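Same chain, two partners: subunit A is paired with subunit B first, then with subunit C.
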Partner chain A sequence: MTSANQQLPIAPPVAGRILDAQVHLMDRQVLDHDGVPVTTVDDLEVSGPDLDAEIPPGTTAPVITALLTGAVLGTRIFGGRPPSSRLIRLPWKDVAEVGVVLRLGIKGEPLDASWVERWVRDKIIARIPGGRHDPR
Partner chain B sequence: MILGDLLGTPVFDADGGRLGRVADARFVLDGTPHQLMAEPRLLGLVVGPHSASSFMGYERNGLTRPRTIARILRWRHRGSFLVLWEDIALIGERSVRLRPGFTRYSTALDDRAQTRSAPEQGSD
Partner chain C sequence: MKRILGVALGILTAIGGFVDIGDLVTNAVVGSRFGLSLVWVVAVGVLGICLFANMSGRVAAASGRATFEVIRERLGPRAGLANLSASFLINLMTVTAEIGGIALALQLASSVYYLLWIPVAALAVWFVIWRVRFSIMENVTGLVGLTLIVFAVALFLLKPDWGALAGQLVPTVPGQETIWTYSYYAIALFGAAMTPYEVFFFSSGAVEEGWTVKDLLQERTNVLVGFPLGGLLSVAIAACATVVLLPAGISVTSLSQVVLPVAEGAGKLGLAVVLVGIVAATFGAALETTLSSGYTLAQFFGWSWGKFRRPAEAARFHLAMIICLLVGIAVLATGVDPVLVTEYSVVFSAIALPLTYLPILIVANDPEYMREHVNGRAVNALGMVYLVIILVASIAAIPLMIVTGAGS
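The block that comes next holds the complex of A and B.
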């Protein structure tokens, strides 16, 4: 194992920006291109590799294909995660910027990730007197 | 593969020796360019010998405030190292196995972290 004060070598330099999943991506808020909150990043989907299969030397590294979001409160408390089919995917190709928040390059309104907000707006808020127009 | 399944998975060397758990996954934005951003390519895994998770990253950056929290978290994640994708032999549901002769790299995200983390790494 590593000795007490041994300084580890720095990883070979890479051309692109470095992102650590837990530090820079997980649990970050996602905004659409108008700055409207869409959801938060609950997990990430990666293109590979196949589980429990030897990775031949020289295999191309997997890439992030989608941000995942969904109803994860229960599984965060009790463990596990929702089935993959229940998670909502935001394709990485729609991500425009990674900073304190993640910004999408598209409008958030039609995304599956914001269906709860749309449902509450249309079924509950809209039935409250005055709920169909901006406050004055 | 869903990345959350990989985090916390035990990591072993080629001889079966336990090295720690997957604390994080490091990506680099140099994959296939799309219209907005390039694809993040998996650069490697951050392995923590003493803890299964590391979400604040004090051991990887140069932050020192608040001092008490920074010291505690840096101590808790002492001995963490980065192993590159090329050194990973197998990723399974319950374990990750590295190739013989793999290299441990510093987990530092910048130069300040590199200079600060070294003296505070504890023995394993």
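The block that comes next holds the complex of A and C.
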């Protein structure tokens, strides 16, 4: 924290588009490479110093490391924080495009974020006759 | 030529699809108690649903985003979840009411007790959702639902005193009713016309059918012609009840009383036609509400959804709908009166309206989503007026429900 009378350094010029995490990322739909919905951005994981830790001058700015989903939606609504091991991460390097939706550059099917969908498909829906029938 | 056919089909489907069990029951109840003095509410409701259905369809066509994705994204997870809980519960009530409606109509046609029809009806609904193509589903139920026009035919055959009937159009509280019951039923009618599932279904349907900005004209014609004509159908139902049931002092508590005027005006043939129409209309609405339950859940949580995918490719979406239908069957199996469920569901709809329509209005003005297709000034002005009406109706609904003992 800087004290009130201390001048903040002027922000460096930024190349490209400025995104507001709250407005442009949070709660947006995530589609995979083929346009299949994967999840909604339930929260973001940001690199950098721990909460309450002293930040020495010259520290590099934090960056988004992953989109989060899973139990984190519940804690975001009702408060608290799940243990780090329980977070389902979609690494930021897999994000190919940020627009009205977030597009991944990979297939969504094998991801951890899709495990419930896979489970419901394999254990229930695909076992009902016609479950793999193409409606078109 | 193909394009004109498409537009005509869309309009006819919108007419047939507008009326559901909520409209049938509420309009008949209102007609039998208040005459035509509440018709103005139907007009206000129809204009409102045109406005917001058109807006949500435009958002879907321009951005490919359906309404509930937009709601979560704009309201955030907390208010989004509150809206999801409310909308989902109302949806579930409506699914229950529609399945009950199918069963009651089949009971009238077959004299087989309606509880026996309920599993059959629910299974049929599930099968159509599981297997039948979206466009076929929509067009067939919409077109068959058009037979409800027999309400208008019956009205002519009843040869009412048109002058006296037109004289009732003035908004006045009839002598035997209070201002509170009048307001309560005004909100119920408004809720029946503007039920949120209609915009969820309409916008998701636009995504299902892959609409783009090229289809905007057709979308607008469907809404602006189809819904008002559907509204006229609602008024015909109310007018039939006004002519036959109001003078006889019969207040509507069952579906057989809703169709009574048709039987009197158009005879056995009319009765047969109206039963086909009610089965089709409630069946279509059962499909729409069941799908809407799946749409809202899937869009809030970001699951894969849509009838255009194989069920296995939208597994949680299909599982959610199966569970909804099972819950509906379970609720009806307790012997609860479907007509009563309907009456409550339309009022609860009115309560949940603001949380649904505000985000649509906001996003319809966001150029990131809409590019050049953002709302015009007139649409925004009208949208703001409606937001106020919706807010008032939503706040007044529960107190009025308590004061009037749910309209009794």
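We adopt the following convention: the second predicted complex is superposed on the first by the 111 of 136 C-alpha atoms of A that agree within 3 Å, B and C clash if a C-alpha of one lies under 4 Å from a C-alpha of the other, contacts with A are read in each partner's own complex, and residues count from 1 in each chain.
Note that in this section contacts are C-beta pairs under 8 Å (C-beta built on N, C-alpha and C of every residue); 3 or more make two chains touch, one makes a residue touch a chain.
In this text, all values refer to a predicted model and were calculated from it rather than measured experimentally.
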item: Partner chain(s) touched by A:Val36 [first = subunit B, second = subunit C, both, neither]; value: second
item: Touched subunit A residues, subunit B compared with subunit C; value: B
item: Partner chain in contact with A:Ala53 - subunit B first, subunit C second, else both or neither; value: first
item: Partner chain(s) touched by A:Ala61 [first = subunit B, second = subunit C, both, neither]; value: first
item: Subunit B and subunit C footprints on subunit A, overlapping residues; value: 26-27, 42
item: Residue numbers on subunit A that touch subunit B, as the complex places them; value: 1-12, 14-23, 26-27, 42-49, 51-55, 57, 61-65, 68, 81, 84, 87, 92-98, 105
item: Residue ranges of subunit A touching subunit C (in the complex, touch as defined); value: 26-30, 36-40, 42, 69, 73, 76-77, 100-101, 116-118, 120-121, 124-126, 128, 130-136
item: Residues of subunit C that touch subunit A when the two form their complex; value: 63-65, 69, 72-73, 76-78, 80-81, 130-134, 298-305, 307-313, 315-316, 318-319, 368-369
item: Subunit B residues touching subunit A - in the complex, by the definition given at the top; value: 1-5, 7, 19, 23-32, 34-44, 46, 49, 53-57, 60, 79, 81-82, 84-86, 88-93, 99, 103-109, 114, 118-119, 121-124
